[in-house]
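Both complexes below contain chain A, partnered by chain B and then by chain C.
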Partner chain A sequence: MASWLDYTINGLIVGNVYALVAVGLALIFGVSRLINFAQGSIYLVGAYIGWVAVVQLHTPLPLTIVVVAVAAALVGLIIERLGLRPLQNSARIAPLLATIGISFVLDQLVMLTFSPNPRALPSQLPDVRFQVGNGTIGLLDLLIAGVGLTSALLLFVFLRYSKLGWAVRATAQDRDAAMQMGVDVNRVNQAVFGIAAALGGVSGMLVGMYYNQIDTAMSLQATLKGVVAEVVGGAGNVPGAVVGSLLLGLVESYGVAVFGTSYRNLFAFLLLVLVLVLRPNGLFASARQAPPEPLTGTFIAPSRPLRIPRWALAVAVGGFAILPLFPVSFYVLQTLINAWLLGMLALSLTLVAGTIGQVSLGHAALLAIGAYTSALLSLSLSVPVGLAVIAGGLMSAALGTTLISPSFRLRGHYVSIATLAIGEIVSLVILNWESVTRGPIGISGIPPLSLFGYDLISASSVYWFSFAVMVVLALLQGRLLTSHLGRSFRAIRDDDIAARAYGLSLNRYKSLAFIFGGFAAGVSGAIAAHLYSYINHETFNTQQSILALTVVILGGLGNVVGAILGSVALVGLPEVFRIAAEYRILIYGIVLLLLVRFRPQGLLGTI
Partner chain B sequence: MSNMDRRTLVRGSLAAMMAGAAFSRAAFAQSSEPILLGVSGPLTGPNAQYGTQWKQGFDLALDEIQAAGGINGRKLAYSFEDSQSDPRQSVAIAQKFVSDSRIVMELGDFSSPASMAASPIYQRGGLVQFGFTNSHPDFTKGGDFMWSTSVSQADEQPLLAQYAVKRLGLKKLAVLHLNTDWGRTSRDYFVKAAKEYGADVAITEGYIAEERDFRSTLVRVRDANPDGLILISYYSDGALIARQARQVGLKQTICAASSVYSPKFLELGGEAVEDVHLGTRYFPEDPRPEVQKFIAGFKKKYNGQEPDAFNAYAYDAMNMAAAVVKIGGTDRRAIRDAFPKVKDVSSVIFGTATFDVETRRVKGAMNAELVVRKGQFALWDGKPT
Partner chain C sequence: MAEQNAPMLSVRGLTRRFGGLTAVDAIDLDLARGELVSIIGPNGAGKTTLFNLVTGHDRPDAGEVRLEGRDITGLLPETLAGQGIARTFQLGRVFGNLSVMDNVLIGAHTRLRAVKPAVPVIGPLLELGLALLRPASVRAEEERLREEVKVILARFGERLLPRIDQPAYSLSYANRRRVEIARALALKPRLLLLDEPTAGMNPTETAEMQALVAELKAEGLTILLIEHKLEMVMRLSDRVMVMDEGKKIAEGLGEDVRNDPKVIEAYLGHGLSRSEDEQETAA
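== the complex of A and B ==
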């Protein structure tokens, strides 16, 4: 029984750590309706500024906190001014992509400045520990709790009772109305970003001290857990974010207690899905409160798509089809094979995210389902590879749609967060379901692609195969978009209430979109599995989901040609920048930001 | 204007790709040119730290090789391509290396998904893939062009089990391991060996690489009531676990796998890693000349920094590559055929390394039993902690 006390205390301690990030995210979401994917990067920057202050300048703790807060706030202000303000009149999806680009750039800058080696960040507090239960807690635990709770309380008071706070809330409720009432919306945004960044920076430093360890990989994890905690508490609700974080910590701790360590994150993400499905406004919103997302689909702004003449497309397809006949290196072919595989995934995502408006952040799960199905069928049951690939697609369509179906009732950002969670759950199930997936050991010796008994081994034959599959899928999808079904999809995206009034069954159409999209993604994953010959739970990770979304937004939501163009660009650019070695991801991030800045509706525009 | 931007961008990138391809075709090896090895590994992304450690080890080895006259008068050099340990990028790099006639063999990649996804391309392209951190038991089964000097966990883990059970006298163990292919394979070998030596494994817990918080895991460990903790970890997570173990009040002996052997382990762990036992392949006071040369050279080149396990793997790998190229020349197939011919290459990890032709791996890693005393790694003196 004593152990339960320990589990509870441990859950609260780690929940404390999550709360620091979640509060910053909640504040920004509350005002700009934006999930700030750069929050984890500010947290990282704060940790390293703290390291410089403590280890190089030997500042005392209060001064360290002030230095970090000011420096991080400056970073936040720069992000707001240069990265986000220029995008405020474009589609709401553009700032989301911009924060992803900013986080690439910040993470890389830190890595280049400080090297990727982890560093020790010694705590400046005396090492006094109190016995609680059978374990101990230290002064730093109390300080972290203090910072989390105080900042949440201060923010709550600020938002409720100060004039700027009213302006913040007014802006959150209705930006245009606030502007008409004379609120300086930009100043409000600035204030919010500054506060959130200062908080993010200080939390990065404190957490670094807590673990006596900082490294450049801490940013994405912090964002992920922060987002989960924030949504559990109710997006945009600052005190809710604290409670959500503590709850998340407790659920993880009890999950470890009952089932073991490797199930830990599984419970975090199951909690998230459960909360989203049962109480989509978060645990602390009243049931009758209007959802924070707009009622109509302004999430994806309409734009005039760039029409590419048919002959140009035909020439492009023909050109790429005969490319292997020319003396191009296998490296170029392999890069394009990667682009075609990503293209299939992007086709899938552009359909569900662009055409029907369900922005998925867990699309890599569909790849994984397809890959594992095809690999296991061909290895264990000796199914011919061609059939196994198709089975992979079908399994991905069926299983993927079933898993995602609980999130059909959600809108806007909530769909993204739910799919993110589902993606993580799939990956963790693959890791833990060892009797089928062989767990972390992975599946090796997957046979190469083959068609009608002929192995496709050479780069050219794999190229042609993947290119042909992608073109067929693209043609089918193009046909789908111009059909009655495609129009219904877009109607649901643009205004789901109006669509329902016209008698469209939302769930049925969303399922249809995911079935088609799941098939394309599953086939892509299956081909990749046979190409790689080895896969494990890390092969298809969150970064792939984020990459796919980047491709889709870059190409233009719902735009079939755009998805393929985006894939070629985002597979090609990092390869082109190879010459820049360590700097290439930095350059890639900057190019991405510039593209979002000057073409927020995507290269070819939303269809 | 944006229209224009895009066109120039696409055209520019295509031109750059074509130019890159043309360049690699045009460049033929000349005798004044260095002999080029390809390295595929992480320089950015979550595993970037290991790529930088590789570079340090490679560069030191190359300095020594060059000073000794290079390879039959020619210099040895490497071309490091960043894969982020991502299989999509490692397969592209594999094609790049295979179609670049200057590359005579390849080293890496770091993680199993990235390395083993590229293996079919190296195998079919006839270029040796020399994976020196690839402990996955299936890595060298990818084909006869796959060779590895990674210490087989079938060798290493029984040594650790012997240290923990026979020497330290631990009878009831809790095993915490990274839940990756490496950690999982290691755990299985360790548990098997520990049981053979007569110890009882009370609990095993696998954790994912991004995990930072182990307090609840450690409560589970405490409730299993072990008399020793075994860490199958890298140095950063190993240090975290040791710190938190002391915080939740676990005072048992901690015994860790050799992958924690790094000055960073001491820096990150602080007082909490005091008295942690670990088996390693080499240690600073090791009298072996190759170890003394490695450590002295490393400290001189990198401002007094102590080398760690990954530095040593990379250093050894580059020396092994030089030895192989010396015999095999610059022909890719001849290089593959040279691997079984190299005998007793001086090695920090193995003492002397000779490949087993059956498994294409090296057996018989050195073993030293260390303990952390006063914030330093020291040879264990047999005294209980």
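== the complex of A and C ==
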């Protein structure tokens, strides 16, 4: 067994890598109050540029580092130009969504260029290890530590002594005042995004060399780890981000030492949730902050929803209901069944993200909870499938709401981080809790859908079943929106401080929204489980969460009809145009970006 | 009972520090039932911070707040709303995407009974169920509140009623202030805190607002008012409290406070002569 010193060194080295990502996030948050969800993608791009430089161009190490830093900085500048600058006067949700979209586009571009298979990124240093006490330390470890310290020093000098560095600090303290004093905020943003990206890219390359492996899954992990470190240190706090990163590295390393490798991420996310709950301003926040200034403008873009006449909706529902009676192909029915399942998830997310303004990025976890509950109940306890599906919905409502409740005290972008982390925790628990979830093997032989003893095997019966469930859920949600709860949810979204001043408890109403939304998502996941007959911890992944979010934005936040229309559009159109599967996520990302930029209220408008 | 004689609002030694700055410094203040007290003072004097402390939006570092004798220091804003404290916000905080009707209905949220049964633990679930099922009692309550909202909106003449279904973001600045006050009135408050209700209003609109506040006072409402327009303050207030740099520098009848040298100095800055008193009144 390796010594504790080895684990400590490993923790500090990994922490150093996280610090390079987290410092960039902290700088960006400082000047723009934005959590850059594309930071991990830059890290990914940096790793692959490093691979090109080392393996194809055979550049020497110092040149490799420079090439990676410059190329990554360019990507950072592009992100600033596309994701931030055009959206400066938009609703606060816009840049958040834009960086999510950019992140997906970058990841997919890397995947399409280099294939999703892992590649080896050889370290360009001789494999020499020095004995330190009863542990060892390698040259690469020293390089990583050196790069970390050098970057920290350069950054300190830049922020402290250069004119642009002053401008960055001034903007971070008070953006409007800085602008009035003649600071070019665009230039500050460019500088910050460039520096952040250069650090992130180099970090990705070093990690690739450290593990001698790079693959496209690195991106999301890096974003998550960087964000965890940054939030632990206090968002926007650069030295805090460094300390948070080292702490995260050590916690993970010791956690792995005690419990094993598969628990590494679980510790990271538990640390995040713990910090968010106990010290939402980070470990190093100085006492209580001044209460946030009243914000002019709301989190989402104001708009007038498009009113669709009832008869038109009735005609559309009737039309889709009698569709299987016509000679349509199995393929069309299959596509629409997928659209109805996505529609239920989108109903759930449009309530949570649109109506009450909690932009959840971990919504796939609700699918997974519903799916596993229903599958296990029907398999192990022989519960009739109809009941098991409802139980799946209820479990998702109860467990999902309980898990997400730590995020209820958070606002805006933090909610997205917390839900993303909670989604990852659910997936990791499913992977590791083998006695219940059967771990990585997954659950196979899940019985097909059945209702009152009749199995629903034919495509048309499954079609009718899923369509009927979705329509009922949509009607219920429509009714909810016209009640006092719809009004209360929307008030909390528009201004939670004013809402509290009028007696609306945030915990109570956010819980109710997640209970209602959790049920819809759980039912969707449960139906999917019985359709697929096999599920594992990767069946319901972050890509589905992002797809659902794109659907919701496309349809219009909070818009029930929009959620269903968006689902049909995003599931149907790629089929119509026969777009290959690997390009779809790229297209979803681009659609999200274009929507945020040109039609933030979606097709049917925010409700 | 002692509670009957306790002042509506009683503030003792209330203090709030932000780092090195003491935004509110040992403030004492009493408001009798039906009294209207104005707080004036230069920008940054700590008036809004005092409001935030009284309404639970911020917690004091020292001191206490009592509502009719009961200690309410550090209670959450949602709890205080339930106890009958309503406020408006300095920069305006309407719910942008909600209609005028819905904005004001949120003000009546604490008065919902039929749809929000006071049952522990399962109360929220009952609320969800009742909102979906909507039995006659719930519908009747909603209908009654909607009628009430129309009555409240009618107090603003033709300013808001014709726009009752418009989203608040589409309203003029002055109308958003009015919606905020209507929302506060829908709570049926025991204590109303108005933070610069006439900010950004022209003289006609200011006069209207002044008449409305006078009407509310005549109806017996207890009001704490932050206002820069001194003429309005002098006409409406039973008493005036002046703050500067977090401290209370004067308190008393309007005329007395107005001629207090400390007040004039606070407004005009140090070293300026008394003869510029007139400018201050104009501001």
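Note that the second predicted complex is superposed on the first by the 523 of 607 C-alpha atoms of A that agree within 3 Å, B and C clash if a C-alpha of one lies under 4 Å from a C-alpha of the other, contacts with A are read in each partner's own complex, and residues count from 1 in each chain.
We adopt the following convention: contacts are C-beta pairs under 8 Å (C-beta built on N, C-alpha and C of every residue); 3 or more make two chains touch, one makes a residue touch a chain.
None of the values given here were measured: they were computed from a predicted structure.
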item: Contacts of A:Val383 with chain B and chain C, given as first, second, both or neither; value: neither
item: Which of chain B and chain C A:Val332 touches, first, second, both or neither; value: first
item: Residue contacts on chain A - larger count, chain B or chain C; value: B
item: Partner chain(s) touched by A:Val66 [first = chain B, second = chain C, both, neither]; value: neither
item: First, second, both or neither for A:Ala398, with chain B first and chain C second; value: neither
item: First, second, both or neither for A:Glu538, with chain B first and chain C second; value: first
item: Residues of chain A that lie at the interface with chain B and also at the interface with chain C; value: none
item: Contact set on chain A toward chain C in their complex; value: 286-288, 290-291, 293-294, 296-298, 300, 302-304, 476, 479-480, 483-485, 487-488, 490-491, 493-495, 497-506, 508, 511-512, 515-516, 606-607
item: Residues on chain C engaged by chain A in the complex (per definition of touch); value: 18-19, 52, 55, 57-59, 76-78, 81-82, 86-87, 89-98, 102-103, 105-107, 109-110, 112, 115, 124-125, 127-128, 131-132, 134, 142, 167, 169, 183, 187
item: Footprint of chain B on chain A - complex, ascending; value: 3, 6-7, 10-11, 13-14, 17, 108, 111, 115-120, 122, 129, 134-136, 138, 211-213, 215-218, 221, 252-253, 256-257, 260-262, 264-265, 327-335, 338, 341-342, 431, 439-442, 444-445, 448, 457, 459, 528, 531-536, 538-539, 543, 569, 571-576, 578, 581-582, 584-585, 598-599, 603
item: Chain A partner contacts - residues on chain B that touch it in the complex; value: 2, 5-6, 9-10, 13-14, 16-18, 20-21, 24-25, 43-46, 48-49, 51-53, 80-82, 84, 86-89, 91-92, 94-96, 98-100, 111-113, 116-117, 119-121, 124-125, 136, 138, 141-142, 176, 179-181, 183-185, 205-208, 210-217, 219-220, 222-223, 236, 239-240, 243, 247-249, 264, 267-270
